[in-house]
Amino acid sequence: MIDVAIPLFLVVCGIAVLLVKDLMSSIMIFSVYSLLIAIEWVRLNAIDVAITEAAVGAGISTVLFMIILSRTKSVEECKKSISIPALLVAVGVAGVLLYGSVDLPNLRDPNIAPSTHVSPYYLENAYKQTGQENAVAAILASYRGYDTLGETTVVATAAFCLILLLRGRRHTNKDLKKYEDTSINKCTVKGVGIKPTKTSPPGSEQDKDIIKKTVTKFLMPFIQLFGLYVIVHGELGPGGGFQGGVVLGVSIIVYSLVFGFKEAQQRMSVKAKDLLVSSGVLIYGGIGVLALFFGGNYLQYNVLLPDPKFASIIGILGIEIGVGITVAAVMITLFYETVRIDANG
Amino acid sequence: MVELLAKYNYWIVIILLTTGLYGVMARQNLIKKIIALNVFQTAVLLFYVSMSKIEGGTAPVLIKGAKQIIYDNPLPQVLMLTAIVVGISTTAVALTFVTLIYREYGTIEEDQILELNKHND
Amino acid sequence: MEIIESARPVYAILVSLLAVVFIGISGKYPNLREMWTMLAAVLKFGLVVSMLPIILAGKVIEYHVTTVLPGLDIAFRVDSLGMTLALTASFLWIITSVYAIGYMRSLDEHAQTRFFMCFALALSAVMGAAFSANVFTLFVFYEIITVTTFGLVAHEETSEAIKGARRYLTYLMGTSIFFFLPAMFLTYNYAGTLDFASQGILAGKASYTIISIIFVLYIAGIAKAGMMPFHAWLPSAMVAPTPVSALLHAVAVVKVGVFTVVRILLFVFGIDLLSEIGLGTYLAYFASFTIITASILALKQDNLKLRLAYSTVSQLSYIVLAVALLTPSGITSSIIHITIHAFGKITLFFVAGAIFVATGKKYISQMDGIGRRMPFTMAAFTVGAFSMIAIPPFGGFVSKWYLILGTVEAHMLPIMVVLVASTLLNAAYFLPIIYSAFFKELPTDEVEGLREAPPMVVVPLVITALGTLTLFFWPSLLLDLARMVVSLVM
Amino acid sequence: MIKHLPALLIVIPLLAAIITPIIGRIHWVLSWYTVTITTFISFVISLSLLQTVLLQGDISYWMGGWQPPWGIEYAIDNLNVYVMIIVSFMALAGAIYSKNNINVEIDEARKPFFYSVYLLFVTGLMGMVVTGDIFNIYVFLEITSLSGYALIAIGKKRQALVGAYNYLIMGTIGATFFLLGIGYLYLMTGTLNIADLAARLPEFYQTKAIFTAFTFLVVGLCIKLALFPMHFWMPNVYTHAPSAVSAVMAATGAKVAAYAIIRVMFTVFEPEFYTLAPFNIQPILLILAVAAILAGSIMALAQTDIKKMLAYSSVGQIGYIVLGISLMSVNGMIGSLIHLLNHAMMKGALFFVVGAVVYRTGLTSIENFRGLGKKMPLSMAAFTIAALSMTGVPLTVGFVSKWYLAVASIEIGMWWLVPVILLSSLLTAIYFWRIIDAVWFKPALGEESHGHEHDDHQKPKSNDAPASMLIPTLTVAMLCLVFGVFAYAPVSLAEKAAVILLK
Amino acid sequence: MFNMFEVATFTIILSAVLILYRLVVGPFVFNRILAVNFFGTKTVVIMLLVGFMYGRPDMFIDIAFVYVLINFTAVLAFLKYVESGRFDN
């Protein structure tokens, strides 16, 4: 039942996302889409993926979309909506996929190649060799630790890219004639009942936000503690550096959403955050290099200490922390840089 | 019913992937394109994670002391963790482009941008 | 045959390349610059001559520079055929250098440094082509000549010059890329090698159809030989300064063209193969067509240089015709005609330049009575023209004699008719010039009296005219070289 | 440490890229030094790896000490060490070149980040090249892609942003296709290691699923490669990106995508796949390649902006690379591999020169090149050499690859490809000739009309690019000649690689 | 046959259909915000239920925690946008 319904919901949301003209609604539907897909992950027992999806899909990317929306405009303009070439390409791709899935093995079949060839080795040896109860964490951090280094670098790259693009960007078309004025043909969308007011009345702020602020203040330490817990707990259950890092990052974002951007910057300055982005990856890469000096291959943790299993646990913990630092810092960067644009422009 | 379900997720993957791809190419709005791109990417995630599930399997976290437990395949999950991270990074960079484009052009509709480019050149 | 490994051919090429550098550096000091040119010219000639005894002794000099690709080598090989071209070109370079210095200075031309640099570069490439040991090396130098002479043709930088230069480049580059390159490619593909061999390399390697295709591609690809229909670049190249027309478009470029034809015909296809398929005959008739048509076109030209250009087109086809006969005398004729025509035509061009320097006249119709003012010049012109027509005792007679022998050997009497007709046509477009130069009155507005061009212009043309005479009386060196080629390939 | 060189090859630049922004806080020049030194180290390491491969055979390095297929393997053979050297060398040249050139695009405060992202870009490329794990290719592909998007977007004009955005969309679709293809492979074989895949795949060659996997892998990479008709994102990207970035991207990005295609087509899948597969793949690729060659050349003819012209010319050149691949013969593969080198050198040199011109004059229209031969003689000499090489004149490296391509097409009986190659060479010659003609034989703009009035300005002063730009430009241009004359070295390496690929 | 968890899941999914309707059809932004919030809550419950169904609730509680948190953030972002239309204040 649940296995049939959730994917169906997914399809409904996926199509609705594209059909809705109001961008904010679209983003909201997309956030529900993320929630649905997370349920699907849980249902498929992919707990680590689920926790990541929760943090990223429903959380960070929704916030990012909203920020960007606040910088642009929120209504998609009405167009003739069917594009024939796009349709052809899409149908072509669907055709190829259908053609290819004819002789794919049945799902959930325990005898398919992925379940019989490489992964049984991980399941058998993960605990013995790396000391990780969570096989996902063992693969992520050790067997395919190099991929994860790459993944962390991707995140750091995104942060650097944002900084490169946004910080102190000078040339703007100042006397730009907004296209909005001349464009006609705006769709009348039912959904847009609300016109965002650009400034809120200053006096009332305190009273209005009191619940939000109190709750957040109360929650903040828990969120951060929980983030740390997720980072460290990766060894035993779902979670790890990446998920924990996102949670830590989210805590600052929540803080900023509630207490204001300036306030948040006092808690976590831009400079410190820049430094953290780099240092996380450095910790990760550094542990790898350290292994070289102990005579192992790159990222071979078990040479670091006399007891290979313990060494492995320590090594993996180290890199999880590295990942956590970088990811947290990058999440904050994404938020800060996109929010800050006008401050510099 | 069972046989339909055996490949059910494949069909869902195909529908989502096609929807996303169509959206990316057909929509004019730059933000909408990115959302569609995300839908497109999640379809692939679903494909991978679907293949990690084994009938009667449990999450790939060791249950100490128990024997004869079927665990799900952890490897696709690991791969998809990476893919999700890559996805969010791409989305972030793409959204940055959108804001910058809006600042330079005053619009985020592709056809209007093309028109502005034509006037400028 | 004895093979000697020696880098001397490379030095002969490098001399002028080095000169390019020095000329470029000393661009601000004309005298120093010209000294480099002269020095290089003399040195080069010396180097070439130093190889002559070895060649005459029946030996061959080889030098392998590098392998670009397996099967594609840059390698040199000096044999009697290459020696003929190298000797001619390097000797005439000395004389042309003197002439060019005189010419350029008296006209106070611009960009002389670039001019001399390109000139030296082109000469290096001519040497390279003459000494090539395989089709690839030959092709490379062939292309280098095209590119470097482009700068010379476009020298004036007027729109006319640039237009002419573009046409020049289009024809030469276009045909070589579209026909020569595929032909070379097919040769490699079928023969498995590109090295010249005295009996040809294609025999028995491919079907007649394919060999015929390759043959046509080669002939079409070597536009420098001026065969119709790819001859139009030559008249348009006449926008260049006269020393360029003289050396390059009477000697270096076009001679490399016909040299390439001879080389390819004899050393890639081989006489046996060609006569087996009968391709020589077709080529001979084809060349005859060019000979006659070009002569007729020459008749119509009033611009002296253009008339000379069409004459060149026609004379080049003599060489092609001669080799296409595939008989000993024919081949001999074609080889010695390379040199003999060079001496004759360079004289004529020198004269055209001298007239331009002295009087600024370009058109034949303006040249009435000019022989009285420039007797030496016009005497040299007469010598050159007689050599072209093949009147004894001038060089042209020797080569035409062998050519006629060749047609007899090949039993191709129709060709004989062509030769007679073309000789008459030659006479028809040269004699009126001589007649009007010496026997018509000067235009009334011009004063009588000697007014030759500067000595640096006149002396070279007298020397080349004398050379034409010499070649009639002492052709033995040339004939020896030619006979060696014949004995090699027959 | 010697045995860890494969890892250090990637790890050193990767960590250096991360440190760069921190170092750059002191002074931006330090970040430039970091990048230059690191790329140099990578270049040296790849040379030493070449030596090892030549002397001792292929290298396999196990990341984390885990044996493949369980861990990630770095598998280095003739093919990737060859590509590696191209990439690291061009990265070094680009780094040196960017020192002054990038002033045009960004201010000092952001330079450290530029260098960091630049280094990440090349690291990603190098990572793609050395890895022996197909998923690892995807990860590094994303590193380069992301950094590539940002590098493009810093271009001065606002069109750069739109170009970068479109590239991002196309790039992500391509990468996702690639990921999907990996998914199919994994589902059928259960492994991600390339060698293991190659061993386990043959029994599935006839299945539809594997054919689909192949399609998605290749199409995904072709989008990255900008193979016609999937090229439309590229011209805008190359046109509006900063010149240093266009140069490095044209010289390395497309090369690595082509490498990945070769890897997938001939290592993951083996040649016999093409006889067993349900559809015949060769003609499709062949037609695409020919279409790319012709369309690229023709479109290049129509351009008035030089960067756009170079971009379209890249479309054609990529066609050559794919043509060699699609011939599926040793000589074709050699042609393709040599063209990789070839195109890296000459496109690099051309974009370098254009960058120098932009640096001096700020303009990119072809008109603007008039008379530059006197103002920037050395740069223009480099331009001319590279253009000759692009046309395929003998003694330049461009000739070598075309020669092999022609040999290969005759070999397998497709003689009609030879005229195609010739025709496109001719078109190439025409569109480059316009520029060379303008450079050397036309007076500079404006000089002809009122030049005589200002006699003291009449004499064009030589004002060539600064040395930091000139040195890499000239080096790369000279290499076009060097490899054209001594082509034996790269050819022998390429031949070894080709023979192994097509065994 | 059906155990308690499955019945509960079934009911929740049924109600999810209703929410989904509001989410897609709107008509107002507030309808959708509520729907998102509502859906987040349901997600958490479903996750826990799935966890019990699979017999390893300990694994799933962590995920549920993250969801609670994250959904809070998303809704905050929506509200902030609706309230002031910007994030830098």
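Think of it as A, B, C, D and E in the order they're written, each chain with its own count starting at 1.
In this text, a residue touches a chain if its C-beta (ideal position, glycine included) is under 8 Å from a C-beta of that chain, and two chains touch if they have at least 3 such contacts.
If you're wondering where the values come from, they're calculated on a predicted model, not measured in any experiment.
*Asks:* Quick one: how many steps at least from subunit B to subunit C, stepping chain to touching chain?
*Replies:* Counted as steps through touching chains, the separation is 2.
*Asks:* Touching both subunit C and subunit D: give me those chains, sorted by label.
*Replies:* none
*Asks:* Applying the contact rule given earlier, which two chains have the most C-beta pairs between them?
*Replies:* Ranked by contacting C-beta pairs, first place goes to A-B.
*Asks:* Of all the other chains, whose mean CA position lies farthest from subunit A?
*Replies:* For subunit A, the chain whose C-alpha mean is farthest off is C.
*Asks:* Report the inter-chain centroid distance for subunit B and subunit E in whole angstrom, where each centroid is the mean of the CA atoms.
*Replies:* Taking the average C-alpha coordinate of subunit B and of subunit E, the gap between them is 20 Å.
*Asks:* Can you check how far apart subunit C and subunit E are, centre to centre, with Cα atoms defining each centre and the answer in Å?
*Replies:* Roughly 90 Å separates the two chain centres.
*Asks:* Need the CA-centroid distance for the pair subunit D / subunit E, whole Å please.
*Replies:* About 47 Å separates the centre of subunit D from that of subunit E.
*Asks:* Hey, how far is the Cα centre of subunit A from the one of subunit D, in Å?
*Replies:* Taking the mean C-alpha position of each chain, the two centres sit 31 Å apart.
*Asks:* Residues touching two or more other chains, restricted to subunit D: which are they?
*Replies:* Counting only residues that touch two or more other chains, subunit D contributes 135, 139, 142, 146, 149-150, 153, 158, 186-187, 192.
*Asks:* For subunit E, give me the residues that contact two or more of the other chains.
*Replies:* Expected reply: 54, 59.
*Asks:* Could you pull out the residues of subunit A that touch at least 2 other chains?
*Replies:* Touching at least two other chains: 45, 47, 67, 69, 97, 101, 104, 112, 114-115, 118-119, 122, 144, 147, 150-151, 154, 157-158, 161-162, 165, 173, 237-238.
*Asks:* Chain pairs that touch, all of them, please.
*Replies:* Contact pairs between chains: A-B, A-D, A-E, B-D, B-E, C-D.
*Asks:* Which stretch or stretches of subunit E touch subunit B in the complex?
*Replies:* Residues 54-56, 59 of subunit E touch subunit B in their complex.
*Asks:* Mind listing the subunit A positions that touch subunit D in their complex?
*Replies:* 96-97, 99-105, 112-119, 121-122, 142-147, 149-151, 153-154, 156-158, 160-165, 167-168, 170-171, 173, 274-275, 278, 281-282, 285-286, 288-289, 292, 296-303
*Asks:* Quick one: which bits of subunit B touch subunit A in the complex? Just the residue numbers, please.
*Replies:* 5-10, 12-23, 25-29, 31-32, 34-36, 38-39, 42, 45-46, 49-62, 64, 70-82, 84-93, 95-100, 102-109, 111-112, 116
*Asks:* Help me check something: in the complex, which residues belonging to subunit C touch subunit D?
*Replies:* Residues of subunit C touching subunit D: 66-70, 72, 74, 136, 139-140, 143, 154, 157, 162, 166, 169, 173-174, 177-178, 181-182, 185-186, 188-189.
*Asks:* Okay, in this complex, where on subunit D does subunit C touch?
*Replies:* Within the complex, subunit D touches subunit C at residues 393-395, 400, 403-404, 406-407, 410-411, 418-419, 422, 425-426, 429, 433, 437, 441, 484-488, 491.
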